[in-house]
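Pasting a structure below so you can have a look.
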């Protein structure tokens, strides 16, 4: 790495026969011929694109003609520049662009001295202007931010599941107790709220021999092998739709958290921190599955206000 | 121009080109041109399921005669076949020769294999016609491979297993995908199947070495049999969950749309989403342009 | 005739704007010719393609979550209730002539825009081009990278399809995870609990087509303006010093090459856009918050965040009536925050560490700065590992490995491999510097055998340009001023005094 001396005075211009003006190509006529052919191909390809467009040809024809046109025309121009134009090398001087010391001092002085002259004498005005501008800046943030949407309030803590809510499919069909076989899985919503994201529940029917694995106090939260959990993953809210039936595991397809369905959807692996909230369900007099109440905790991912 | 052919470009060009081609090949399993244009997608007919020729020297009913005159119901598109009794005896012989060593002579199961009684002819048909049975390697999940038996033999084995517990389990369905509601099939597929099999049916890994297989080789019959019988880690979807018509629609969607995806944009890059796209974009796109930079600029 | 017209027009404009002097200086500008200085141009021209194709798309896309029934050409979707955003994007793909080409070219251009920024940034980093006086330009560049990533995410989320909608759900939860204000920001931005009141699509749209592109264009102008003012850096070599720039002139040589390159970049983007299908949203279906597909990842430039989210253990802090979901907050907020902050302040970290406050217009060979090269290699390895970690399930399926093993591999690799990369890169740099004759072309060595059987070598002459004269500055003409030989004087004609 050389620092090199600064050259004194301007450098001489190039005469017409200067080697720096000669093209890079050893056989310029050949290079020109190649570039010319490329540009002709490009020209024809653009015509072809026009035709392809008007006959509504497939995307591939449009791309091929347009792409070939651009590629060859571009290649021609680039080859012209690289092989046929003055190759140099040429030199340009770098000039220090920072100002002289005197200019810098004058600039600083302009700000400090003039500013000081004014502000130091009128401290009250300066302070008041600062106060006013700060207030303006702060309150202008209000419409920009607060008007965007509602406050969370209690919304994250409740769903539409209540005591007696009927379980329905996405089509609104009520789910009866013989609908699912053992090993079956179904996405359900509370009646009247189909498609509502926070209310999405995954209903599974397990073999009743898995009963002993149920967490204490929840033995009556399922019925006839049916258990229901919030379908929103407690990691980032993806629907946990992947049910591995032989191992009774719900796997979240997004980041592969695993939940043990027979044991209260406790996470066994992966980034999910909490079990899927369980919905207590039972069968009503007509054989339809209904909820015994809402969830006992907020559904979905964690947030600051969640205790 | 000639500089492009110089040896110093050969190595980087070969590297980028080779990796790009590898990437394109790896991510484009079926590089056959998309045959179905989107405006003329038509669901395939069920006749394609019964194409194998029967064993010539035996005077046994042919597949077509077995399944002839059993037209699928116009209502649901699914007709559950009752396999004729003539298939049972040859089925028992085949079972004894090929399956009983693991499943036991009465298909009640052993330490090596589960009990097949009560599962139904459709379940057996699924496992055997996809080639998963006879099992090649018992330490990993059974993989689809070329079936060992032809269609008639498969149905014979299925008939015999069904005869052990008549009326129980999943029957063999005849599926008529004509007139299926592809929109409904797609919606149902997305809600019930995409979480394991992916939205394009490409399949993906599950826990503990299991995997959800690709759906690109499934026949309409196999799709319906799988939905009803829930093989392996797949859940069981009975008629109370997904009706016969809905299974027909899903089957038509899988075999008509997923297996012949509309790829008007070019090479499909494997249908596994942005992974393949990023690979191609970086290697082929940025790589090719870097080669152009090599050509245009100095290399000193 | 043309000469006269140009002369008259130029005088007319110069009378009003005074552009002739600056214009001549600009046309004389010298650009160093090294190939690695063109990587930023790939990004620049991809951006141009993004703008042009983006204008086309914006004339057809409807930024609305309002539900309509699809009636277009794609049969499997007919009759389905979808959002106008989704329907209009499928319409662009099937029912607008050349619409699919523009859509795909736009998406490929975005991927390649960010890919070329990454390569360009790596070049700038490893050669130390960010040092004084170019720290501003580095910061502008990193800011453009961040804005590009954000805009890419917003852009591919606009079609409201199943794959990108999943990403929006994840983005909502990440915002929610911020302590104290997370739920408020999420509710404000989306208009309520997820999925919000439907305003998120139009908001994404306006940010994607107006706000971020305006800022990007401004930053781009600053980036290029700084480049013009401070002049480009150059590698050490024949005739190159800290006080000059050696290369080809702006007009005509560089302009020809760069215009041709613009065409070729556009060509590659349109060829990809027509032959390699990208984001086939009609196969994914409309997004519904209760539906999901397996094997979903974000676009490649967001992959490192998804990978970080996957490998993070499930640590959540709960106490005193509050929750901080660290398993989300750390990998998705803190981790990228740290990375981007390190990137932005790197020139100052380095100048403080090396105590080097001098101007630098000559670039480093990466091997001459082993610690910086090692640090860069470690950073790239870290980001590369988290990037690969975003496809754990696809890798497990492809290589037929258990999913848990693949995940544990990445958990360990993300910590260990950057350290290994640093050490390996450092050692390679030292080795390369120590190797005799490194960087010079191989010289033929003649081997002679004496009668007694002894071997000896006879050196041949060095190739031209390999000798010690390589670095001596030689006077070369400074600009093209075509003077016929008979008129050439010492002073020359039409020389501009600077």
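Brief remarks on what is shown
Letters A, B and C name the chains as they come in the text, with residue numbers starting at 1 for each one.
Note that in this section a contact is a pair of C-beta atoms (placed from the backbone, for glycine too) under 8 Å apart; a residue touches a chain by one contact, two chains touch by 3 or more.
On a predicted model such as this, the values are computed, not experimentally measured, just so you know.
Contact counts per chain pair peak at A-C.
In this view the innermost chain, defined by its CA centroid being closest to the centroid of all protein CA atoms, is A. In this assembly, the C-alpha centroid of subunit B lies 40 Å from the C-alpha centroid of subunit C.
Taking each chain's centre as the average of its CA atoms, subunit A and subunit B sit 33 Å apart.
Our note on geometry: subunit A versus subunit C, Cα centroid distance of 17 Å, whole angstroms. Of all residues in subunit A, those that touch two or more other chains are 59-60, 63, 78-79, 82, 170, 187, 239, 241-242, 253, 256, 269.
Counting only residues that touch two or more partner chains, subunit C has 33, 100, 104, 257, 260-261, 264, 268, 274-275, 288, 290-296, 393, 403-404.
Multi-chain contact residues of subunit B, defined as those touching 2 or more other chains: 191, 194-196, 206-208, 212, 264-266, 296.
If you check the complex, the residues on subunit A that touch subunit B are 30-31, 34, 58-60, 63, 78-79, 82-83, 170, 176, 178-187, 204, 239, 241-247, 249, 251, 253, 256, 258, 269. Those residues of subunit B whose C-beta lies close enough to touch subunit A in the complex are 1, 191-192, 194-196, 206-208, 210, 212, 230, 232-238, 240-241, 264-266, 296. Within the complex, the subunit C residues that touch subunit A are 28-30, 33, 97-98, 100-101, 104-105, 133, 166, 169-170, 172-174, 176-184, 186-197, 199, 229-231, 236, 239-249, 252-257, 259-264, 266-268, 270-271, 273-275, 288-296, 306, 309-316, 318, 321-325, 327-328, 361-362, 392-393, 403-404, 407, 471, 473, 475-485, 488, 490, 492-495, 497-498. Interface of subunit A with subunit C (complex): residues 1-7, 10-18, 20-21, 53, 56, 59-60, 62-64, 66-71, 73-82, 85-95, 97, 145-146, 148-152, 155-156, 170, 187, 189, 195, 197-198, 200, 231, 235-239, 241-242, 253-257, 267, 269-274, 300-307. Interface residues of subunit B facing subunit C in the complex, by the touch rule stated above, are 24, 38-39, 41, 140, 182-183, 185-187, 190-191, 194-200, 202-209, 211-212, 253, 257, 261-269, 271-275, 277-282, 284-286, 288-290, 292-300.
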